[in-house]
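The same subunit A turns up in both complexes below, where it pairs with subunit B and then with subunit C.
This part shows the complex of A and B:
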């Protein structure tokens, strides 16, 4: 890892603790990613970014801050990046995916809080994540009770703005979300000192749409029977996309998609013919949470799609780029974002329909529905997911896990047995 | 010509071994505590079989159970879920059945259709509703599991509310401190595991399905009756019930 010691010191990080965190990453990356055979060459970009995940991008963000740009840290695919980008701000994801941060979160949160929230709060309070140190403002949202209360704690020592996400998807809720976006836009203008215009917002909408299209191109390649990329590599690309500059992200994803399309044309697959194809659905897999994909793919199956926030929910559906007033643009944004099907909505039939559609599109043999411990919303929705899939004759395995490795062997038994069923 | 097909089920508490021939006839069943080292136990099994004239070098061998990866001489590892399904269907001679297996560290409900596993549920990583729960409670009452079940059959009218093994143990200790009869405490312990297992099984049982109990606890008539009463369905057991996983692995070895 390059020398970022001074940068981390300047950020006020706990250097001793951070060193411990940095020590575990290289072997994890080696075990999960570098040990794979026949990887696409274009993964070199993400290998580099993940190997210096606390260095490369944070250094860029700090350079941009010196030019007067503001960094917005977000936790949810409902927060509209377009509004921030239009005002020349930068968005970075903040969700924590490591057990390393969980105890720090547990010190202040209810024990029945999901590990993603615990890790995020722990990363902030423990001063061991540069992104949490760099962000000028955090943007929260009301997608679950655990997060709502956690934001109150995070907001104690950092500027924090919370968007009120509707709980239903009636016409009045789409208008309500449009109003929320408009109110957020005012906050962004005030915080960055830059005005939103029809032009800069449409340009931002275009930039983010292009990023979505590039991510979708990679996912499209995963629909092929000849599978050109592993689930682990696709997941890494997806996780990093939350932190990267959106234009570079699009460029890199398109470069990867070019290679994957070529592989498909040449019949180059990363798995033997007949390998069972798994759709993973449920709660997000924040970086560096690779446990589930790693177990599935070292048990003889391949992950071909993630119906998750770190997956299809991030890039499906585009925003209309043809609107000519801010009001219409906010509405266009609301309409796009309200198509994202999160378990925090009721009813949430849209997610079931998405899963059934993706089972067809990605030629899926079996579905693994996995939620983080204490995520009541996704856990409860497992019943509906399982019923709908079974009615269509699609095998499904429901799992619950956290960030620890203590259940890895038990998960391996369940997942192994599930793959044995699929193999018949 | 391969004469022996062997299944090794290295469980968290006991290791079960089954040897069959190409006509699926059961030749040997071996049962021993797993101890702290699965690989060492596997070696003991190898020695014991060799003494009985069964040469492992000349056999097809599949390992299963949580210690399946620690059997150096196995040609393949298969999960205990697949093996239990296969083995129970064979033992009971029924292609369609639902298996309740209360193991040392996990409890599985396995639905078998046409002789193969169709679906399953398993407890999560906590030990509530597993054999370990009974083991810990029996120890607290200074008895073994068989005695615990005997005591339970004479007790009643007491319950423990905690599902967590650690908290339930302190509940049992306070019941002892309060002077509650041992029979009643034993009843509460078994009742608690029966309810936990039944609530898990209810998700998987369809009306009219043939239900059986495998694993070491299938030998307790009291537990069988209590579970059957809770689920309002007869539950079968079989002397070879605890070998279901090993027998299933041996049967799968026929296809190697």
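This part shows the complex of A and C:
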């Protein structure tokens, strides 16, 4: 990626440290993705993006900034992309998924903070990720305690706006979130210099809905007994959708879905018949966190669905496109976003219902419920997830991990034993 | 896992042109990050990965079409799916 050296220098990045991070990419991508046989041809787009992950998209963002557009960095699927897109802004997901950034976060955060937060803070403060350098403003949210405190620290270094996410899902909370979206819209207007109108917001709602529909098409193909794509490839597609241009993302996902549908019609599967089908649920898997999927899929099973924010929670439910005033549109946005079942809410029975539904829809043989270390919310919900699945006779394995490689062997042993049980 | 071949290129425009050309001729190839062992020989972060079976056809196709690239390099067994070295 040395043809991007000048861009990284101009972004004020720590070139030496960044080079160390880049060193690991080729072998990790090779081991996890390129070693697979019979991958869908359309994965070439995501292979290109990941090969040049700190080059191609950052360069595009900088070009857009030169035209006066603003880049908003976000950390949660509750932040409504539609509002930013309507004001001609650009959204880029910023959640950190690499161990490389964790020590930088640990320097300023409590040790007992989850690795996703540590990595996100470390990526900014360590100056080793172009996306964290490019974003003109970060948008945080009051979801978990760890993030709330981390935003205070990030806010010392970069403009930061925090959205106040409700903790419950009563009718008054949906109204509260609508009002919060309206207040955010004012901030976006002020920051971009562009006014929101019914027309531009409806257009943005449509764009993001089309992206959701395209992602859903790919996931629908994973419901087939003839599995046309690996979990690793689907995860890569999903992770990259957080920072790609939404219209191109929809186009590429639709292209992939066309190929997957054709594969199903021809009976082309990436795994032998009878391979056990796993649903993975829990905390998000931010790029380049591929450990869990890789271990499962090199232990003889296949991941067919992710009930997580880097999965179904990102695309399920559409926003009503028929509203005729900004107030009604904000309400429609609130209604859609408040259907996302995150462990930050209480109660969170909706997540259990989603998992049970997806077990049926994706013809799942077993569930792996995995949370990041120090994520007390998802860790606590494991009990309810496990009870509900056991009551339905669905085997479940609960795990906790972080971004290090050191527990890989232990994970292989536990996941291998689980798959052996599924194989009977 | 057998030997793998990498078409090293100057930039991703060159790389994508080769990818499309080989695709058009039905020659198996994949977009890959340039392996670290080869980055001294190529400035671009992406290269085109060829399985052994595609090598001769790819070479002939590149020559025939006068495609621009730096060189084709090879590596023994670059992939270890169970190496568990993540990023």
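Convention: the second predicted complex is superposed on the first by the 423 of 424 C-alpha atoms of A that agree within 3 Å, B and C clash if a C-alpha of one lies under 4 Å from a C-alpha of the other, contacts with A are read in each partner's own complex, and residues count from 1 in each chain.
Please note the rule applied: a residue touches a chain if its C-beta (ideal position, glycine included) is under 8 Å from a C-beta of that chain, and two chains touch if they have at least 3 such contacts.
Owing to the predicted nature of the structure, the values given are computational and were not obtained by experimental measurement.
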| item | value |
| --- | --- |
| Partner chain(s) touched by A:150 [first = subunit B, second = subunit C, both, neither] | neither |
| Which superposed partner A:295 touches (first subunit B, second subunit C, both, neither) | second |
| Touched partner set for A:100, first subunit B, second subunit C, both or neither | second |
| Contacts of A:409 with subunit B and subunit C, given as first, second, both or neither | both |
| First, second, both or neither for A:114, with subunit B first and subunit C second | neither |
| Greater subunit A contact set [subunit C / subunit B] | C |
| Which of subunit B and subunit C A:333 touches, first, second, both or neither | neither |
| Partner chain(s) touched by A:400 [first = subunit B, second = subunit C, both, neither] | first |
| Overlap of subunit C and subunit B interfaces on subunit A (superposed complexes) | 409 |
| Interfacial residue positions of subunit C with respect to subunit A in the complex | 1, 11-12, 16, 19, 23, 30-36, 39, 43-46, 49, 78-87 |
| Subunit A - residues contacting subunit B, complex | 395, 400, 406-407, 409-410, 413-414, 416-417, 420-421, 424 |
| Residue numbers on subunit B that touch subunit A, as the complex places them | 66, 78-82, 106, 116-120, 122, 124-125 |
| Subunit A to subunit C touching residues, read off their complex | 1-4, 21-32, 34-36, 39, 41, 44, 47-48, 50-52, 55-56, 97-100, 288-291, 294-295, 298, 403, 405, 408-409, 412 |
